[in-house]
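As structure tokens, here come the structures.
In the two complexes that follow, chain A is the common piece, with chain B as its partner first and chain C second.
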Partner chain A sequence: MNGEDTSSELSTGLEFAGHALSRASLDACVKCTICETQCPVAAVTPLFSGPKFVGPQAERFRNGESVDHSLDYCSSCGTCTLVCPQGVQIAELNSQARAVMKVGHMPLRDRLIGQTVLMGTLMTPVAPLARAVLNNKPLRKVMEVVVGVHADAPMPPPQSQTFESWFAKRPTPAGPFPRGAVVFFHGCAGGYFEVETSKKSVEVLERLGFEVLVPKQGCCGLAQQSNGLFKQASASVLKLCDDLRTAGKDLTIISSSGSCTGMLKHEASEIMGVDDERLRDVGTRTRDIMEFLLDLHEAGELPTDFATVEMTVPYHAPCQLKSQGIGKPALEVLRLIPGLTVVDSNATCCGIAGTYGLKKEKYEVAQAVGKPLFDMVKATNPELALCDTETCRWQIEQSSGVKTEHPIWMIHKAYGLS
Partner chain B sequence: MRKLAVDVVVIGGGSTGAGVVRDVAMRGFSTVLVERADLGQGTTGRFHGLLHSGGRYVVSDPESARECASENEILTRIQASAIESTGGYFVTCPGDDPTFADKFLAGAADTGVWAREVSVAEALRNEPRLNPGISRAIEVRDGTVDGWKLVWGAANSARNYGAQILTYHRVTKIETEAGKVTAVRCTNLRSGDEVLIECDFVLNCAGPWAGQIAAMAGAHPVEVVPGRGIMIAMNHRLVNRVINRCIYPADGDILVPAHTVSIIGTTDVKVDDPDNLAIEAGEVQQMLDAGEVLIPGFRNSRALHAWAGARPLIKDDRVAASDTRHMSRGMAVIDHTTRDGLDGMLTIGGGKLTTYRLMAEHIVDAMCEKRGEHRDCRTAAEPVPGSESGRTHLVSDRLHDREHDRFDEQIICECELMSRKMFTDALASQPAGSFDDLRRQLRLGMGPCQGGFCSVRATGIALDAGHLDSERANGLLRLFLKNRWIGLWPILYGDQVRQTALDNWIFQGTLDIEHLPQPTSEVAL
Partner chain C sequence: MSRVVVIGAGLAGLVAANRLAEAGVQVVLLHKGLGGLQLGQGTIDVFGYAPARVSNPIKAVGSVATTHPYAAIGAKAVLTGVDYLKKLLPELLLGDPESNYQLPTAVGAIRPTCLAQPSMIAGHVTDGAKLVIVGIRGLKDFQPQLVAENLARTPLPDGGRLRARHLWVDVPARDGEVDSSGLTYARAFDDETFRVRFAKAVVGQLREDEIVGLPAVLGLKDLHAWRDLAGKLGHRVFEIPLPPPSIPGLRLSEALTARALAAGVRIVPGVRTVGYASSGDRVTSVTTAAGLGGRSYTADAFLLATGGFESGALNLDSHQVVRETLFNLPLAGLDQTPLIHGEYWGPEQPLFKVGVAVNPKMQAVDAAGIPVFANLYAAGGIIAGASGWTEKSGDGIALASAIVAAAAISKELA
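Let's look at the complex of A and B:
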């Protein structure tokens, strides 16, 4: 993939961008500046000129070329699009402009960190060694210099067994499954690194009476997309749709990878302009697991025989979950657990924004963005925090020192499954 | 009374006058240009920004086509900083006669206008918003030109050759003695002072006002028929090339990506008074409908501003007086010696912005001939100040500049990315200028918010710089907003309504601009 010729990337850059729609949306901007007041990056660094500037303003000066290289300081958290009262696709415009800018000079690092499956495949068989390497300061310094990944940035925790292998090797669950089948989409992180979260999700779903189907599946392409590799990302997401569709027609697709669900639900179409019936089919059937549990609860179908958990725990809703327009379902579901006090972080962003906070030139910015959140987490409960997406958990845990898990862990525990 | 004495007085500060004063000065005459408003405030500032390739005239007016093609090349060389070489397409839209494209290609071959038919697929790939129903596309070398920058470039070049430029000076009388022009009288509209300019030649370059000027010298009426055209700027570039309909020239058949906007034009209605140009609702709708043919969804795009300009067409007996589009666009020099028995004055009319340099060359040649001397025209060879590098403008230039000064400079006009330094520099060079004068050079307030946010900032900075007192500042601010409003109300629909409502809340609700203290007489200049 590193050998891709750049002209083919260029031809897919703007055309594949669904750019015409995002560009048309800039007509709705009235310069109110609400996006600028909410941007977590502009709040901590002058390096980024802010979403209004980079989005609807700068876009009027672009002629298929992005001369304003500082736009790369946008973390793509999507907060601007979420808060815009006029419906301007600000973050989408920024992501598209970045993709165009990086055509022909894509750093090797940005190609590599999009290779999530490759990373998982390489690390799992040698998990203890991989862990040691990723925790080895001198080696990380070398990695920072050579690859450009900051030595202190959080890294995925290598596991000795993949989720896929666990799922295949475990004793076949006895059932019964009166509620029928659902499809589980684990995502790359949930397959290789956050294996426990995926296991717990499956076990909760089975306790609720669902048969869980796990078709063989690849990567959604999110990390490639956020690094401007639209062509590769578009191919990945469509391949994933094919994979998920093999499990059966019209089945609900459930995932505990909050950002990957966002890719399927709206980012692939809104940022990259992927216009494909397969994506529409999968995107409309996809549910975040906490969203799914809340839907059940609202329909009166979620058993609330939770054990008491006497604890106060901070919860942080990730940007890419908020961008899905589903509110903060985890917060509502967790509050059904007796004894549990869940405190909303009310923080905009943890700073990591997928792979942004790993990059050596952005590490400090990402740390500054997340600082209020890290402080809040430490002050609320130094033992445990909850957050729906993988990279955000790694960031919070690394930067605050507080163990951070997916909310499904708490549900799993309250159902007496752990 | 102030007195000046020069060889030649040039009347009119549009593109023609600026081109003429440059040419006159470069040929070694002492000269003054007199303009009743700001440079480029008439027809030159009220067109669609098209630098013709000649394509538009290859069938209807081959001579104009040839002139455009050669002047396009010259201007791109000598006025590069005012020009963006966008390229253009002539496209056959659904319902248009597809055989016109054949006539077009034949006409282009005959006139030497560069043109090349491209596949529809290629045109759509390069301009994805184009109507997918087009059946043919011909690539041409159209460009865009900033009329104000062009005029200022020529005027500054003239100044370097010793010319004086008197803006806001209204001509009141052209003195004659024994059948010969002797002086031009004018009034400085800002100070009220009278100015007498003795001269032995007057070049009347007043465009649609040329008839009024000729009358001041007692000449027989010069029949200039102002042809009104309206244009609408849309909020962003819907296309990056000039898009023309491949038909016999008609209304609303050109879409021009000028700076950050795209401009649809234009209509053509005969009017009597070039100072009174209405923007009729029917014509606005006509332009939007015409845009929809070129770009599906055009009507739903955001319109920013509308304006009307008057073509300076000289009456031609071959066509009906009401049909100004098909009057001669070729330039015409009127010799008042043979016509009126008046020596020392020539009037020029017709032509178009693309050929402004050639028009100047013709009238100055004619003047030299009448004076019985030969001096070579050198305007085609020498770049104007600011265009020496030959680098043409790109829409991304300001974004590039702001990227580089982003840590040091405030941005005052966010829509058009005008920095504080750009504004204070311009203000220092024209301390008496109105905000509209500065706007024409800086694009202040010409973006989506139409002055909603930047006008107040600019006023504060001007006041802070000590160029005016608070009452005049208030007066200038109100004048600026009033002038913006003239172009806003005709297109108040869709997204621009929301912006205008927000702007009005700021101006009336938060700032109460209506009731700010200001000079007892409304600021008008």
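Let's look at the complex of A and C:
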């Protein structure tokens, strides 16, 4: 909150794309409109003119700031890039253009909500109080007016113990670990708020015979990146790479924070243009935990002695997972559990898109984007839904009233660990 | 369980994936973006011009030169494919392989096609028909006067003429927008309250016995929206496809994708397949570019359904060298020079017949007819020997080559 979003950002090469290749890719746009047909935001509001207009078209006219300010309504869900048959990095172009547009008038809120470590550090010691505050309607109304975070928007659930503290204090696991070591990257949410998901991930990995190393680690900078604070986010992601590299060379890095893995795998390089050997090293070693389990299965190395779980459960693949180009690994792995019927939401987006759906001026749009998903979840199983990323889970849970957990919860249960 | 990797999500890739999954094969479908189906008209062209207008498409399929893809594919596979799609998507495709529909286009021309959506059929041109073409003020991609006047002055393929007039209505698709895309209108038509409002604006302007032509935006998810609107109007109604975003194309693409997913096909979207590994005469895996790393997919067989120049499956460089961009396969059709002549309105450019040669199993073959790899097959636009858009044969080639390739792969892996 030191006002770093001002002129210093421009001097770091933000006038145009952080990544020159993104900008070059706009020439491949043939205006086929496929991105327009899949954009979840343009579908529900005329306030956003759509990814093609705002992206490759407006980019041609951009000299510094974008000519199309409806750009601010892009949620950066990345669907346009995913569906483009010509390889145009539409979402990346839009994220870059928005970062430029916000230089000099970055709202305080957008700087605050990128401070995920700070939020966790402040809330954990006073978790019951923080929970009470976040659930208090009048206080949330005040927060909406003062900060601009919608009173009904989902908030991270404060926990009394961090993952780090649990990991350090628990009895040392006996092993054996015949499969060697892996590094666990918990992410901020997995460290402070979604602690149970991180614990279960570690326990599943240990059950499979891996020794789990957890180096001290900071934030990947994703929330700052999605709010256009590229300078801080680039520093964060490289610091994180250093942190993760301390655990050992060539080890697989596994995470149950689906969006943070996306930051390491491609967003830092493709959106912010971070070109650094440390990022390449970490990015190529990083695996989403369900992706890792599917890899094991395909290699014939995943024990499938799962207990029967008689249940029908909706599963939603988050945008930031889909953007990693790995399909929907959780779906494949969950389908190995006997008795379990997993129903793919096939929904494009839940609406939250990181921090987009929290913002008071975007809240209604985000709710409209997610509505078909919320309806599907409620109709499929009013007790439980599965989804790989934190903010999406909070959004689904808040808007549908259905408890939403990471798919690893189901694997943990089916292995008899819970 | 055997595994097949299909690359490409156009008509060929989706049909092959469905057929293979139905045959009990595990299918991974890789695509670098959504396929071209949703850019098309949402119909299945089998043979439209040979080069004269075709009325019996399957007969035209049986009469092609030996270099044409249909020669290797065979008319039987085309019939199988047409029958398969009609049974798979009964709410979306109707038609007879022995008789083309002749349907009005968005510029008022008359286009031959084999299978069309039920919402288009009432537009099949007949002598003496009375048409009224309805434009919507907020939808700039559809000019009803152009359509009506061109149709009215055109002698029909089977002789005779029709009568056509036009009218406009002004019913916004949603508040806060004056210039809506066809997609926004299609979503509005999914909603019955919008259809009621729309019908109210139109019905008073209709004359007895008129058939009502509308832009093809009559519902995206609700495949009966057009029928409901016809009921509300008390007139027969037909849709005229628009330039992209094509709603009938989207319906087809979404329906085939949904069926593939239901059949257990694993789809990995948004990844460009950039490399492969082989051992002896077999491809063992392909590699996709995904972020900073890449991922490999091993399989027992591979189907290349990547399209042509328009999708980057074929590439022409500044030295006039044409390449197939994934496997660097040998290409057919390069012997004609120049590949591109300078006459823009002149005869067809030879370049567009360049592609991969296939044998009757749809294995990619070299100039001597030998398979390049024993387990590498090709389907759709990548196959050499036809210009799909001038003949209006691209859908039929994609469909039938996918049928043949899927059958050959299933047999090989059994």
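Of note:
In this section, the second predicted complex is superposed on the first by the 409 of 418 C-alpha atoms of A that agree within 3 Å, B and C clash if a C-alpha of one lies under 4 Å from a C-alpha of the other, contacts with A are read in each partner's own complex, and residues count from 1 in each chain.
Here is the rule we use: a contact is a pair of C-beta atoms (placed from the backbone, for glycine too) under 8 Å apart; a residue touches a chain by one contact, two chains touch by 3 or more.
Please read these numbers as outputs of a predicted model, since none were measured by experiment.
When the shared chain is aligned, chain C comes close enough to touch A:Ser269, but chain B does not.
Touch criterion met: A:Ala58 reaches chain B, while chain C stays clear of it. In the superposition on chain A, contact of A:Asp344 is made with chain C only, not with chain B. Contacts of A:Gln86 after superposition: both chain B and chain C are touched. Once chain A of one complex is fitted onto chain A of the other, the partner contacts of A:Thr37 are limited to chain C, with no touch recorded for chain B. In the superposition on chain A, A:Arg23 makes contact with chain B only, while chain C stays out of contact range. Within the superposed three-chain model, A:Pro46 lies in touch with chain B and with chain C [touch as defined at top].
Using the contact criterion defined above for the overlaid structures, shared-chain residue A:Ile326 touches chain C, although it does not reach chain B. The residues of chain A shared by its contacts with chain B and with chain C are 30, 32, 46, 86. If you check the complex, the residues on chain A that touch chain C are 30, 32-34, 36-38, 43, 46-47, 50, 81-87, 262, 265-266, 269-270, 279-280, 283-284, 322-327, 332, 344, 346. Chain A contributes residues 15, 20, 23-24, 26-32, 46, 49, 52-53, 57-65, 67-70, 86 to its touches with chain B in the complex.
Listing the residues of chain C that touch chain A in their complex gives 31-36, 38-39, 174-177, 181, 183, 187, 244-245, 250, 258, 261, 266-272, 288-293, 295, 310-312.
Touching chain A in their complex are the following residues of chain B: 125, 128-129, 235-237, 240, 260, 297, 301-302, 394-396, 398-400, 402-403, 406-407, 411, 414-415, 417, 447-449, 452-453, 495, 498-499, 502.
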